[in-house]
Each structure stands twice: as structure tokens, then as C-alpha cells.
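Below, chain A partners chain B and then partners chain C, in two separate complexes.
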Partner chain A sequence: MAIDKYIMGLFKSEDQAVAAVHGLKESKWTLHRIHSPIPSHKLSEALKLKTSKVGWFTLCGGIFGFFAGFALAILTAERWDLIVSGKPVRALVPFVIVGFEFTVLFAILGNLVGFLTQTRLPRMQNLEHYDERCSGEHFGVLASCQEDQQEGLHSLFVENGGIVRVFD
Partner chain B sequence: MTELTFNRIDDTVLDTLTPARGTYWLTVVLLFMGILVGLSCWLYQIFTGIGVAGMNIPVAWGTYLINFVFWVGIAHSGTLISAILHLFRAGWRNPIARAAETMTVFAVCTAGLFPFIHLGRVWLVYYMLPIPTQRTLWPNFQSPLMFDVVAISTYLTVSSLFWYTGMLPDLAIIRDRAVGRRKKIFTWLSLGWTGTHEQWRHYTRIYLFFAALATPLVISVHSVVSWDFALGVVPGWHTTIFAPYFVAGAIHSGLAMVLTLMIPLRKIFNYEKIITMHVLESVAKTIVLTGMIVGFAYGTEFFIAWYSRNPVEEYIFAWRATGDYAIPFWIMVTCNTIVPLAFLIKKVRTAIPWLFGISIVVNIGMWYERFIIIITSVGRDFLPNAWSLYRPSLVEFGIMLGSFSLFFFLFVLFVKHMPSVSMTEMKETLVEGGGHGH
Partner chain C sequence: MADEGKKSSYWIVWVAMVVIGFGTFIYLAASGRPDQAWKAYLINFLIWSAIAQGGMLFSTLMHTVKAKWSGSLSGLSEAFTGFFPVSLILFLFLFLGGAHVFPWSHGHDLHGKEVWLNIPFLFTRDLIALFILYGLGFGYLYYSLQLKKVDTTNGKGIIRTLFRILQGGRQLEPEVIRKRMDLLAILYMLAFALVLSLIGYDLVMALDPHWISTLFGAYTFVKAIYVGLGGLIIFAAVMHLNPKNDFTLPSSQFHDIGKLFFAFCLVWADFFYVQLVVIWYGNIPEETAYVIERVMMVPWKYLAWFVFAVSFVIPFFILLNKKVKTMPAFMMVLAACMIAGIWLEHLLLVGPSLSHSVHTLPLGINDILISLGFLGLMLLALNSFLRQFPELARTEKREVS
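For the complex of A and B:
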């Protein structure tokens, strides 16, 4: 049985990377992932990426925070039910401020949790088949093929203006 | 901007992280000594009593609260630049967003110290936390001071997370060029970021949410700070204009501090091609706008005092302009509203010495604004028999020196050890002219 070979095409422009992605989609080789120094709409469109779902974490955090803020303010007021300035103990108007701040705080925390869980970060061990040039100025397109098809994949990347790195 | 390439941006920013020269460490040592002066004064106050400060009845809120409001104000422009201008897709924000966010985080940390210092018995600070204790006493969330605790802690958390998350791709760049122990440190700091399409897909989304949530937060925080005053029945404070007035003032002072920090940074780190004159000019133009808003607020306060026909209000505002604190008052008016108008002249707003000079003048003016608001109102309260004047003591000056030293100390350490310009966002401007995800 032939062994899979991982090959990365490194491109200086996102248009070249997009062209390589289109080429890969029409081929029999497997596109694994793309590394890029910046977010790219063109690549997202080429990959037909769906909108991230982290917004749901943000929304849940915000809803939780809204109620948590009110609950905290009401709870503490009830535990020490001193009437201040003639205001009711459960003074909802001033508690809106606490509710608002907690909404933002927990929405942000939810946002962060969503990001970390969806991207599976933090990851401290080295990522396999990663080229350090990708954080600088190259768009890296990682694909795999069977060992005997290396030539074809290599030429696809070169034809689109990339330089090629073959991983062992 | 056309001369820039991805590699050149990386090289320019990473060059700033090379080992520092003697002058840098001398600056660090001097600032550290300033911190020690402030710390010594604070310790002296703790062991001797809050009476060593110049505050007394009726002026029980002095420089500690002035500095608190001043630093919270400074903190606001970082989020304005990184969040609000991100939503408005103002491309000129990108070169200065990182330094402005850093300024925000360190300014909030500095501001956060002042309620502790003002408290006197700092070990009782936990009274403000809603935790069950043997006292069975709970904080009252009807108080604007408790709003402040919630708002400032939220702001510190959110701005720190926003700042750190925005730095992840840049930390990965440093990791990928580092070796040895440095590589290990930056591997941890970058959380293993590799810029995969999946990571960017989620990252651009959370960055947008960060910006969208930080925008109302930044407005709410300084509004809450203003309510520390406006919810008190004190002449000169008890007014509905305070929230927008404080927010505009905060942005005004923060933008001035951005210029004060950016101009030396640009020169020392050879950032001329990144932080272009267009960027500085855009900040200057925004300062003209905020200066006019602040000036309008000053005028409105006087108009409302006159229009209300309330003799106490009328007196307090007349006294501000002509009484014992007339000099600080006119310093405030001149520095904040008249001097920034010089930026209307193109030659002024494109000349580095003028930009730097006027930014410092605005900073001074904004400090005096807080002085005038806080001191004059309580110094001339409803009871004429309790009227008094206030003069900061040496201990207060020492602590103030310490706070400025702390802020600049943290900033100076940061810019030499972390990327002070967002390389990723600068690269984005080369491709499509926007921030993350545009």
C-alpha cells in the first residue's frame, strides 16, 4: 500500500494560494489545511467556509451575565435590606447598570471560551506539517497524495507560483 | 505605504525587540525610582493615616480621585481606536491600535490603584466585594461607587482580553523567528497559534464581537465614572450632561496621550513608514473634534447654571471662573478647547514638534479639568460655613509621580519586549485596507 506524502505549497500572494486551492479541488489529492499570515476572504470563499459558531457562545455568555448581574444585585440587596434614599430594596433601575456590565463581561468570556474550544487552543506541542514561513509572508497550502503522485502535486503548486516543501 | 511588504513590516517591528541599549535601561531605572517614591509615600500614608494627604472636610475627594478619573479617561482611547474605529473601518487605526490598547490596559491598572490609595485603610477593600463574611454585610449595588467597582473590573478584564487576543498572531510570528528559551516562552504566549484557515475563521468572528461589545462598554464605563459625581446632590455635579461630557473628555485626553506616546515611539523605533504622518494627522483632527465637544460641554454647564436660576449653581460656576481656582479653570479651558484648535492649520498638525507639544498641553488641561470638577464643587457646597480650599500635600504629589512613573514604566517595558505595532493588521492594510477580517 502506498504511503501518503504531505506537501505544502508556499505562496507569496493570496491569489496564487486561491488558484492552488481551486486546482486541488479539481484534483484527486486531499487538501488538509491552509496557513496564512492574515485572514483572507478570498481563501474563505474558495474553501466555502461557513460562518463561525462562536457567536452562540457569546450570546449564551451575555444572557447568563444579564441575569447574573441582576441576581447578584437583588441578592445582596435582600441580604441587607436597608432602604437607601427612599429607593426600594429591589431597585431595578440602578441594577440595570450591574446587569449591563455583567452582560458585556460574560459575553466576552463566552466569546473567549467559544474561540478556545472551536480552535482547540491552547496547543503547546508542535503542529505537524507546519512551515514557519506561514506566519511571516507566505500562504501555505497543505495537501497530501500517495507517494507515487508527488510529482503531480508538486507541479500543481509550482504552476501556481508557489515554492514546495515536502514533509517526511 | 506602497514601499511596505509583509517581510518589511515584520523586520521593522521585530527589530524593536533586539536587546536594549544603556539609555533604555537608564530610563527604566529612573521610572522605577519614581515608582519607589510613590510606593514610599503610600506606605507612609498607610502607617501614618490618611490625614497626611491634603484632603479634609468638605474637600474629601482630592488628587487621588482626580488621578483616578484622569487615568480612566486615558484608558478610553485605546478601546476607541481598537474597537470603534475597527467597526467604522478606519484604516489609520491599524498602526497605532496595539500601542493604544497597551496604553488602555496600563492606564486602567494605574487608575485601579487610586480607589485603594484613597481608601486609606486599604486592607478593608474586600468590603466592596460581594462575598459572604462574618459581618453578614453586603455591598449596596444602588451606589454609584459599586457601579464603578463592577464597571472598572469589567473594563480591565475586557480590554486585557481584547489586547491579548489581538496579539496572538503577532506572538506566533515572534515564536517562529525565535530560538531557544525565547521560542519556548513565545510558544506558550501564542497558545500554539498557527494561522490555519479554521483558526482565522473563528478569530475574525470573535474579534468583531470583541469590538462590538467593547464599544458600548467603553461608553458605559466613563458614564459610570461620571455618575460617581452626578448622582451626588452637590452643586456643579448633579447634572445630566456629565455622562456624555465625561466620555468626550476621556476620548480627548486619551487621543492626546496616544500622540504623546506615539511620537517618541515612532522616532526611536524608526516607525516612520508604518506610523505615517497621515495617521498622526488623523488623530490630531479627531482631537479638534473632541476638543470642540468638550468646549461645548463647558459652555453648556454655564448656560444651564444660569438658566436654572438656582443661586447655588449660579454661584459655583461664577466662582469657578473668577474665584480662588480661576487660574486652574482658565488653564483647563485654554488647554482643552482653544489650543487644540491650532490643529485646524495643516502646517501645525503635520509638524511633529507642534503635535507633541499640543498633546502634552491637552494632557495637562485634562488633568486640570478633573481638578476643577472635583475640588470646586465640594469646596463650595450648600453650607457656606463649611466652605474651604484644597491644596495637595507632598505625599499626594509623590503618589501622583509614582502613578505616572508606573504607567510609563509598564509601557516602556512592553514596547521593548512585545510587538508595539500589530504586524498582522499592518499586513491586512496592504491587502485590503482594513483590520482583522475586513
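For the complex of A and C:
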């Protein structure tokens, strides 16, 4: 049985990378990973990525924070019978400020948790089959094929304007 | 709406709306209810002028921050200048109803505020202020049209002819035009904040001459941006949805203006709240009386909650969703509901000062008919403007690619 070869196409432009992705989707080769120096809507569309779930983490964090803020303000005021300016101890009008601030705080924390869990960070090991040019200005498209088909995959990347790197 | 210089087939309907509105106003004034007629007139003058002023602000704002996404929306935003002359004339007419819209002008002890609160001075300063604001708006438009390479050497219309005379066949370098636009855009925004604050203090806050909220001016111009964006969304959606127009926007632009609209929904609520919390803590009778009457007394308290729900709570929760912001028809309905909410908010602000000791809301079919008349005026102004400058209602090619 033929061994899988990992081949990376390195592209200087977003459109070239998108064209290579489309070419790979129509081929029998397996697309493994994309590296992009910028957030790219075109690549997201080409890859048909599912909608990110990070927003839900943010929303849940915000809702939790809203009630937590009110709860903190109410419990603290009631615990110490804080009377400010002759107002009731449980004064909802000013507690909106605490509720609002906590909404923002916990929405951000929720967003951070969502980001870390959804992107599976932190990653303790280095990536396999990685080219350092992907940390610069290049778009990297990593795909694999059987050893006897590497010429076809190689030419797909070259036809789309890429530089090719074959991993051992 | 802008059929290449042709009159829209709807213009008869719009003229009919204006006639109905004007007729209702005359009927009310002649049948012994001038207070009701002038109250509706004041509210409508404030809200429709704010839509035009805030709508135009969008273009100046986008130009100043060098935004690239706004494109064709800026052209539509500039069409709101068509309502500026109408607004100025409507303000002059307000002078006739001075005794009805300014309760302090008769039988009130103003405790030294007479220097500021007297009808001749009020009208003079507000007229000058509006004149400056609208002048800057037209100045910006003049250069913006030149930058868009709108050929004013032919075509009809008062504004187009005026610009042709001003231009006199001269062609300025794009860089010079941009610099002048930068200056005029910043001056317009500055004037917007100052003039709208003045209008807020003079035509709304001063109706109860003993009540003071220093933030009321800022609240007024933030509200004008909010309704201006609402008006622009409705305008863009109508233009986009009508296949007869050469105007389409990608959903990403509706999404972007939807986000801006959402942001100002929050800013408006914030300015409302920061006034409330200071008055609530301060607990000074001359400040709290105004709020208590509006949020705790019948019949106004129900209106207060309704306004808060329609103008903030409902748009806030709906606009959290990304998809709805990309749906022009839905956004049009939402923005229309919000503007109706702000109309009622104006009623809440001026109503108790003008209609004392009422047990039911002083709101009826006559108010709706008068508002219809103002809507007709706005539609005629926008249509007339786009007939003169159909170039502004075309999609820039790079946006649809």
C-alpha cells in the first residue's frame, strides 16, 4: 500500500489560496490545514466552515454577568443595610450600573473561554508539517496524497501560482 | 423612487398625504383645539427634522473616518438634505403657534429666565442655528457631488441649478475637494451637536421652564442620530427592494448599518439612563417632579414603559441576532417601529407640559393624520432631490461585484 505524502502549497495571494482550495475540494486528495496571515472571509467561504460557537459563550457570559451584578449589589447592600441618600436598601435604579458592568465583564470572559475551547488552545506541541513562511506573508495549504499521486498534487499548487514544499 | 428625473407615480399619494395632514391641522386649529394641532405640529417638526439631520450626519461621519464600506449608503444619506429647506420653512411656521407651544410665554413666573426664554430671541437664535447647520450640510453636499463627478451642467431642479451657478464651470482637483469636504464634514458634525442641543433645550426641555437636565442637549442629538440611522435604513431598504431602481446593496452593508443602528440603540438608552440615575439620586423636587409625572402618573406611565420597550428593549434583543440585520424588509419594519416609538417619546416629553390634568392619553387619529402629512413632505422632498440627482441613488459598481 502506498504511503501518504504531505505537501504544502505556499501562496502570496488570498485568491490563489482560495483557487487551490477549490481545486482540492474537486480532487481526490485530502485537505488537512490552512494557514492564513489575515482573517479571510473568502477562505472561510471556500472551506464552508460552520458558524463559530464563540458568540454563544459570549451571550451566556453576558446573561450570567447581568444577574450576577444585580445579585452582588443586592446581597451586599442587604448584608450591611447600606442606605445611600435616604434611598431604599434594595435600590434597583443604581444597581443597573453594576449589572451593566458585570454584563460586559462576564461577556468578555465568556468570549475568552469560548475562544480558547473552540480553537483548542493552548497547544503544547509544535505543528507537524509546518513551514515557517506561514508565519510571514504566505498562505499555506496543506494536503496529502498517496506517494504515486504527488506529481498531480504538486502541479495543482503550481498551476494556482504556489510554491510547493514536500514533507518527508 | 428615483426614476431618472421622472416623477414617481406615487407622488399624487404623497401630495394627498400632505393635503390630509395640513387639512387636519387647519380643522383642529379652527375647531377650538389649536393646542392639540400645534402639539402634533411641534412633535412632527422635531422628529422629521431629526431624521433628515441625523440621516445626513451618516455621510459626514463616514467621510471623516474615511470609511470604505458605506459607499452608496452615503449617497442616499445626502438625499436627506432635500428636507432641509422644508424643515426651515416648518420652523418659521412654528412661530405662528408660539403661544400654543410655549406655555411659559404667558402667565409663568420665569424667575429671571426671561432673558433667555422670550419668543423673539428664541426664534432668532434657533433660526440662525438651523440656518448654519443646513448651510454646512449643503456646502458638504456641493463638494461631495463634485467628488462623485456629478455633472451639474445640465438637468433641472432648484438645488442642481444653484450648484451649477456656484460651480460656474470650474473643476477643482479631487484633493482640494476632499480637503474642503473634511472641513465641512467636521463643522457639520460639530454644528449638529450644538444646534440639536439648542433645539432640545429650547423646544422640548423649556416647555417645563423650571426643569433642568444638563445632559438633555446631548440626549437630543444622540436621539437624532438614532432616528437618522433608522430613516436611512428604511430609505435604503425601500430603494433596494424596488426592482425599478438601479440600486442594490449587498447584505454585508445592511449588516454593517444594522450594527451601527444597534450601537446607537444602546447609546440612546444610556443617555436616557444617565439622566434618570442622577435625578433619582439627587432627589431634588424641581427635578424629580418632571420624571414622576411621566413615569409614575396616569396616563403617562403606561406610555413611558411602552416607549422604553419599543425604542430600546425590543430592538436590543432583536438586533443581537446577526441574520435579521441582513434582511432589508425586516430592518425596515423594525426601524419604522423604533421611529414610531421615538415619536411617542416626544409626546411623553412635551405632552404633560402642554396637556395638563388629563386622565387619558391625548393621542388620537388627528395626530396620526398630521404625522401622515409630514411623512408625505419627507417623501416628496426625497423624491424631488433624487429626481435632481439620480446619480446618488445608483449602486457603485465595486459594491455589487
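Keep in mind that, in the parts below, the second predicted complex is superposed on the first by the 167 of 168 C-alpha atoms of A that agree within 3 Å, B and C clash if a C-alpha of one lies under 4 Å from a C-alpha of the other, contacts with A are read in each partner's own complex, and residues count from 1 in each chain.
Basically, a contact is a pair of C-beta atoms (placed from the backbone, for glycine too) under 8 Å apart; a residue touches a chain by one contact, two chains touch by 3 or more.
The structure presented is a predicted model; accordingly, all values stated were derived computationally and were not measured.
Of the two partner chains placed by the overlay, neither chain B nor chain C lies in contact with A:H22. When the two structures are aligned on the shared chain, A:P94 is found in touch with chain B and with chain C. By the touch criterion defined above, A:T58 reaches chain B but does not reach chain C. When chain B and chain C are set side by side, the one touching more residues of chain A is B. Within the superposed three-chain model, A:E14 lies in touch with chain B and out of touch with chain C [touch as defined at top]. Once the two complexes are laid over each other on the shared chain, residue contacts for A:W80 go to chain B alone; chain C is not touched.
In the superposition on chain A, contact of A:I108 is made with chain B only, not with chain C.
In the superposed model, A:I38 makes contact with chain B only, not with chain C. Of the two partner chains, chain B is the only one touched by A:E137; chain C is not.
Touched by chain B in one complex and by chain C in the other are residues 84-85, 87, 94, 97 of chain A.
The touching residues of chain B, counted against chain A in their complex, run 5-7, 10, 130, 136-143, 146-147, 150-151, 154, 157-158, 161-162, 165, 169, 172-173, 175-177, 187-188, 191-206, 209-210, 213, 216-217, 220, 224, 424, 427-428, 431-432, 436-437. By the touch rule above, chain A contacts chain B in their complex via residues 14, 33-41, 43-44, 47, 49, 51-52, 54-55, 58, 69, 72-73, 75-77, 79-80, 82, 84-85, 87, 91, 94-95, 97-98, 100-102, 104-105, 107-109, 111-112, 114-115, 118-119, 121-125, 127, 130, 132-137. Per the touch definition, chain A reaches chain C in the complex via residues 59, 84-87, 93-94, 96-97.
Residues 273, 276-277, 280-281, 283, 320 of chain C are the ones touching chain A in the complex.
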